Amino acid sequence: MSLVLVLAGIALAASSGLAALVRRRQPQLAQRSACAVLLAGAVLGIAGALLALGQGRAAQIHAGWSAPFASLELRLDGLSALFLLPIFGIPAAGAVYGCSYYPQASHGNHALRLQGFYGLITAAMALLAVAANAMLFLAAWEVMALSGFFLVLTEHEREETRDAAFVYLAAAHIGTLALFALFALLGSRSGSFDFERIARAGLAPGAGIFALMLAGFGLKAGLMPLHFWLPGAHSAAPSHVSAVLSGVLLKAGIYGILRVSGLFPVLPAWWGFAVLAVGAVSAVLGVAFALAQHDLKRLLAYHSVENVGIIAMGVGMAFIGRATGEPALVLLGFGGGVLHVLNHALFKALLFLGAGSVDRACGTREIDLLGGVARVMPITAALFLFGAVAISGLPPLNGFVSEWLVYLASLRALFSTVPLVAWSSLSAPVLALVGGLAAACFAKVVGIVFLGLPRSGRRPAGEASRGMLAPMAALALACAFIGLFPAALLPALKHAAAEWAHVSPSLLEEPARRAASSASRITVAAAILLGLVYGLAAIRRRRAPVTTQSQTWGCGFARPTARMQYTGSSFARMLTLRFGWAFSPRARVELPAGPFPARASYHSQVPDTVLAAALVPASRAAALVASRARRVQHRVQGQALLVGMTLVALLAWRFLFW
Amino acid sequence: MLFVVLAPLAFSVLALLDPLAARRPRALLAGGLTHLAGVGWLIVAAPSPALHGWLELDPLAKVVLPVISLLFAACSVYAQGYLARRRDRDNRLFVGGLLILLSAMTVVATSQHLGLSWVAIELTTLSTAPLIYFDKSARALEAAWKYLLVCSLGIALALLGTFFLALASASTGGPHSLLLSDLVRAGHMLSQAWVRAGFAFLLVGYGTKMGLAPLHSWKPDAYGEAPGILGALLSGGVTSLGFVSLARVVQVCSAAGEAAFARDALVAMGLFSMGLASVYVIGQRDFKRMLAYSSVEHMGILAFGLGLGGVATSSAMFHAVNNALTKGVLFLAAGNIHRSYGSKLVDEVRGAARRLPVSGSLFLAGFLAITGSPPFGPFFSEFSILNGALGAGRYAVGALYLIFLSVIFVGMGATVLKVVPGDPAGAPEVANTRDSLATAGPPLFLMALVLALGLHLPRGLKVLFDAAAARVGT
Amino acid sequence: MKAFAEMVFILVVVIDFSLLVSSRLKAVIRAAAAQGALLSVLPLLLSSERVEVGHVLALSLGALVVKGVVIPWLLTVAIREARIRREVEPIVGFIPSLILGAVGVALAFALSNGMPLPTPEKHDLLVPTALSTVWTGLLLVVSRRKAVSQVIGFLVLENGVFVFGLLLSDFMPTMVEAGVLLDLVAAVFVMGIVMFDINREFSSLDTEKLSAPKD
Amino acid sequence: MALSLFDLFLALLLAPLLLGVVNRVKSIFAGRRGPPLWQLYADLLRLWRKGVVYSHTTTWVFRAGPLVAVAALLTAALFLPFGGAPAALSFSGDFVLFAYLLGLARFATALAALDTGSSFEGMGAAREVTFASMAEPALFLCLVTLAKATGGLSLTAILGPALPEAWVRFAPALLLAAIALFVVTLAENSRIPVDDPNTHLELTMIHEVMVLDHSGPDFALIQYGTSLKLFLSGALFARVALGFCEREGLLRLALFLGGLAGFATLVGVVESTMARLRLSRVPQLLVGASVLSAFGLVLLLR
């Protein structure tokens, strides 16, 4: 039943673009009907997922499919159901937002194409989550990746969009090829491509499989240093697309890692340490790069790298837990990681939608040109701030809860009796560093973009429309719910973790109970915090002192202007200096000259190090080598010579060496 | 059986004699459709071998002949639109040559006699060389000259290789025959040394026809300069037939106990082709030449699969079908784009998806399909070949295969993404070259087939591929 | 008979050498024609009783007409029509070509020693001669600048194949006759030179100028 | 529970006094008599009664800043065991929430500063979040070290009966952690050598420059928050540092208060004898603290 609901949701989502196509003559109606179909699909899908979570057992459908090795093997277990929540939820919110943000009436075919692929990517991701056959998984994977490509390419007239889309496509395809190899290995060793049979074969987890898994899924998840496609793609796409890409698409990589690692009866501990290390590097460098960005959406994109790193740290702890047979680590690591998947989807989507509203209203995403947006768009600002608090992992919102679970996992590791495992608790200070940096970064974003005064002529005309605010508010509500009632999701997480780790749920009962009791105290603390804020505000309002309006204290400056405000770059400078070793900043400086300098300027940007310092030069070099290599054999004689030499070589090989 | 060979010939004679240029394309259409119908009847009726068993619809033929027939039929529809726009050129030789090509291809596909195969392959070279020169430009002439010279050199060596095999069969007690079934039956009676040498010569000869690197050098020029229709037929039809002929030679080698060397050589050349294609595809500014290198790559994949044996060979059969259809899509779409912009350089062509919505999108879709993106057919065949390699424990060659695939994807992607998206305003435009039913319909039809093969591979086809692979031997 | 055949084989190889060192196009064409004419004697010399006389005669006569007369004549016409200069213009010099040719002949003899003939009644010089001639043809195609030279090279290569084919003439005469198709190709080449007038398009038959710089 | 609430109440009440002690120590060093110990109470009362001035630039964020900051600090106080009794609220991993509540307070203050649009306040906010993010790993390394040494995962458990025994067994590691904790405390509370709370040059200030625009009751809240934060960190430090002496009942409370006084004296001495570091040297100090406590942790993990 639950799976049938999900399948219905998939079908509706996939066909939502058609709804717009059919009625393309009436753009507004067309878009709304597409949105309605997608929403209906999302409701069904989420209902199915919740039903599955409630039932606590996996639903299965099997059907034949006559592509090689493939069968229509579908399975909805706890892990799938948990991932289905953001997979259906975020696109639904994005589609509603898109009706106002990207109206078909003014964007025409672009919007039409966007809607088609928007539904398709939703369907593909959902199919991915329930696929239980490697070929079906790969097919869904690639449809998802290609839809993502077309979504990024939406505004294809701009060159940077095309470049970003190309980098995305190349990265996605290389990832897919790694998965080819991964599943081919699994399939040939177990003799089947059905996940169930692979799991039953009890394969040994080898280094090759791990490397392929990390490369293939890591490319999609955006783990450092495989994140290089992500900032460009996410900033080039329309914002409700970025919300889906960043909030959900990346998580497909995490899902893949979990799904594939769940196929092995035992995991070696070094897998866990490796994932933990990669996650830690991603988290720290992701937030460091984010700090250095000027472009609002690029900044948010780098935060995705950070958050995926946090998720990977949780997953790594869970791996270690499985390897050493410690149920607490499995539960807390898995629970923290998967809950953070959901949380990150919620608040990152919220933030991207907010960024989209700002971009639409001000016509720029350049942080240092913005300012004072909150005065004109108070609700958007408040919702964005909400998301910022959540993503910084600050209580009482959801970001804190999942990070806390990961913290708890690394603290539990302290007391492990297995050698070396205690060292993994060094991830706790790493998380603290990441949390501090993220808070600094979002203080910068909210402070510079929304507060203060406009730094340039780009200022919004008015508040975003209700169609744009409503989905953001819905996302914010979900963030608040998880933040306030973290214990609510623990039973589902426990079930999924037990299935994934091939242990009986009763083994996880004890740590789950402990975590739940702690989580319920978080609820208490959050209630106290909110009560205190409310109480203090009431007292403070009762005080109602004489209020005077005046200018900001200028510290003695006679005529302060809005351009003298601190900018985003200056705000982050002290921190980015610390990470100078990882950046390759490019600055364009025009120094003031002469006794009466006419103008001076300073423009700096921090391109992605992996892309700018490694991949682009490498591909240039490859192109150069290739063009050198191409200079040979244009003559007919040369071509004939090749034929002759091949013959001689073959004969020599056969008769002399072979 | 003879009907499908002779009917195109008859139409070709008609076309060559027809004084009315406007009427000739119809002969092409009629020839293509008649052939298609004939092949359909052949599949259904499964007649007994013709010409003393020299022509037979064996599993290998069943794999390629319908595909070639479909491809040709699609091209003949396309030609209606294409030739209508190319009134400036005399189409007598074009139409006649294509029909002769069809007839020769049919013979190669069904031939059970290595000598007859050779003659027919020779005929495909001769009948297509003048067609490459259809544009009558200096570069087209150069391309035709290179094609003719290099392919003829290959074909001469192939004849020598065929002689070697014949000699091998002439040992005491040998069959003294070049009929495939005789050779296979004789098996170890064949003189091994001569089979060995014969394989080397035939690999070079038919490898040239297939365009395996380093024997591929005629391809970029020929595909770059020839009309899209010819590119489609060469890269989808003729090269596949080179593959089939080579597979039949491997069959003889297996029977003679010489398979190990043959397979190693095929794997080596296959990987070399893919590697070379990946070098040449990076930074390619001419999108038709890019397709030529893609063809080199896919011939490499076919040779690779054939060389690996087992599952991979069966998948190579599947891939031959996928490659033929997808190359049809790509060349026809590229031809449309080329004509509309009057250029095939990425510096001048952009926004094809907007100016030619169908052709532009098909070019992109074809690119994604040929590079192995699900849910298109080539994904399954390319994956299965990899699976065969890894399943056989050949991790190193599997890794190389993957690396080359990814480099080629990136290289082709860079070129395709310069051509398809973007704003076409300001790019050169040739009047009256927008998508029409005749020029956009056939590639669309082929694309649908490629997609269908990915979504659903009929059981019968799977059995057929396995049977064809079993023929080749292990 | 056998001594005669041996004589012919040796002459064919000697002509191979002379093809490699001739600096005049006319001389090269004449040598190729002479080789073709010599080859046409071979079917008569080597035929066994099992084969119908008709086949032997047809092969012999066909070779004489096509290889010895028609194609050389076509080549001469082409040189005149397209106003091709008389020099051979080698890429690899005459002496190196000759040395390479000699190495090829040595290899051909070595190789055929290692390949026992399943039909022992044929002449033992046949295989080395065939392979040497194929090798020479390849060398000519690769090492000469002009398109005409390449056609001649192809012709020589094809002569080698023809010689080899004589091994099969006992049991597969039609197959050997099919080899004549190769001559058809050569004819097409020559006609290409004349009809499509490579001379006019490129101002000389130098195929190097065919390669516009591109990748 | 009643005892816990009593401790909490005492803490909230005594928080401003601690700052008075620090100032008194500093004035003794300077040879002055200095302000009375309860000066801050008087200041708070006076500010609470005053009117407020708001800049045209500000929004609700500016007004909410002090409220959220104080509320967060008050909530954080719930998790710290002060005297003898366990904390009012305690669960495993609660020190994460404790640290993050301090973070929330900082976040709110920084945003309020940015809301004014003043470049100086922006500068202050930037410095505050920068140094805090560097202090955070050091703090967590200290806490993880303590957790490992005591086997507890909540502040109550860490600072509970297991601590004296831990001091016996792992004295070097805990000593390193305590030193690091003291450095972190100085940085978190904007004391010398990281920041100078008494400076009047905006360019060199960190915390004080952030709150330049706050006035009246808002400023009172901020001042109270500052003192509460110092009290909380002082309490944590005192409990850790005095963990080696075990006492019962009232004596324990006395010991705790004595420890706090000692902490205040220590801060005062440091402030009087050291100069403020150049801003660019501050990160080195904080990274140094991290390295110290990491070394302590390594001693335990090996």
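Observations
For clarity, chains are labelled A, B, C and D in written order, and residue numbers in each chain start from 1.
The rule we apply is simple: a residue touches a chain if its C-beta (ideal position, glycine included) is under 8 Å from a C-beta of that chain, and two chains touch if they have at least 3 such contacts.
If you're wondering where the values come from, they're calculated on a predicted model, not measured in any experiment.
Of all chains present, the one whose mean CA position sits nearest the global mean of protein CA atoms is A.
Looking at which of A-B and A-D shares more C-beta pairs in contact, the answer is the pair A-D. Each chain gets a centre from the mean of its Cα atoms; for chain A and chain B, those two points are 43 Å apart. Taking each chain's centre as the average of its CA atoms, chain B and chain D sit 76 Å apart.
Taking the mean of the C-alpha atoms as each chain's centre, chain A and chain D sit 35 Å apart. Centre-to-centre separation of chain C and chain D, using mean CA positions: 98 Å. Shared contact sites, meaning residues of chain D that touch two or more other chains, are absent. Multi-chain contact residues of chain C (touching two or more other chains): 114, 138, 141, 147, 150, 207, 210-211, 214-215.
Annotation for chain A: residues touching 2 or more other chains are 627, 630, 636, 640, 651, 655.
The chain pairs satisfying the stated touch condition come to A-B, A-C, A-D, B-C. By the touch rule above, chain C contacts chain A in their complex via residues 91, 111, 114, 138, 141-145, 147, 150, 207-208, 210-211, 213-215.
By the touch criterion given at the top, residues 627, 630-631, 634-637, 640-641, 644, 651, 655 of chain A touch chain C in their complex. By the touch criterion stated above, chain B contacts chain C in their complex at residues 115, 118-119, 122, 125-126, 129, 133, 138-139, 141-142, 144-146, 148-149, 152-153, 155-157, 159-160, 162-163, 166-168, 170-172, 174, 176-178, 191, 193-194, 197, 280, 284-286, 289.
Chain C makes touch with chain B in their complex at residues 114-119, 134, 138, 141, 147, 150, 154, 157-158, 160-161, 164-165, 167-168, 171-172, 174-175, 178-179, 181-182, 184-185, 188-189, 192, 196, 198, 201-202, 207, 210-212, 214-215. By the touch criterion stated above, chain D contacts chain A in their complex at residues 48-61, 64, 67-68, 70-72, 74-75, 78-79, 89-94, 96-97, 99-101, 103-104, 106-107, 110-111, 113-123, 125-127, 129-130, 132-141, 144, 147-148, 151, 153, 202, 212-213, 216-218, 221, 279, 283, 290, 294, 297, 301.
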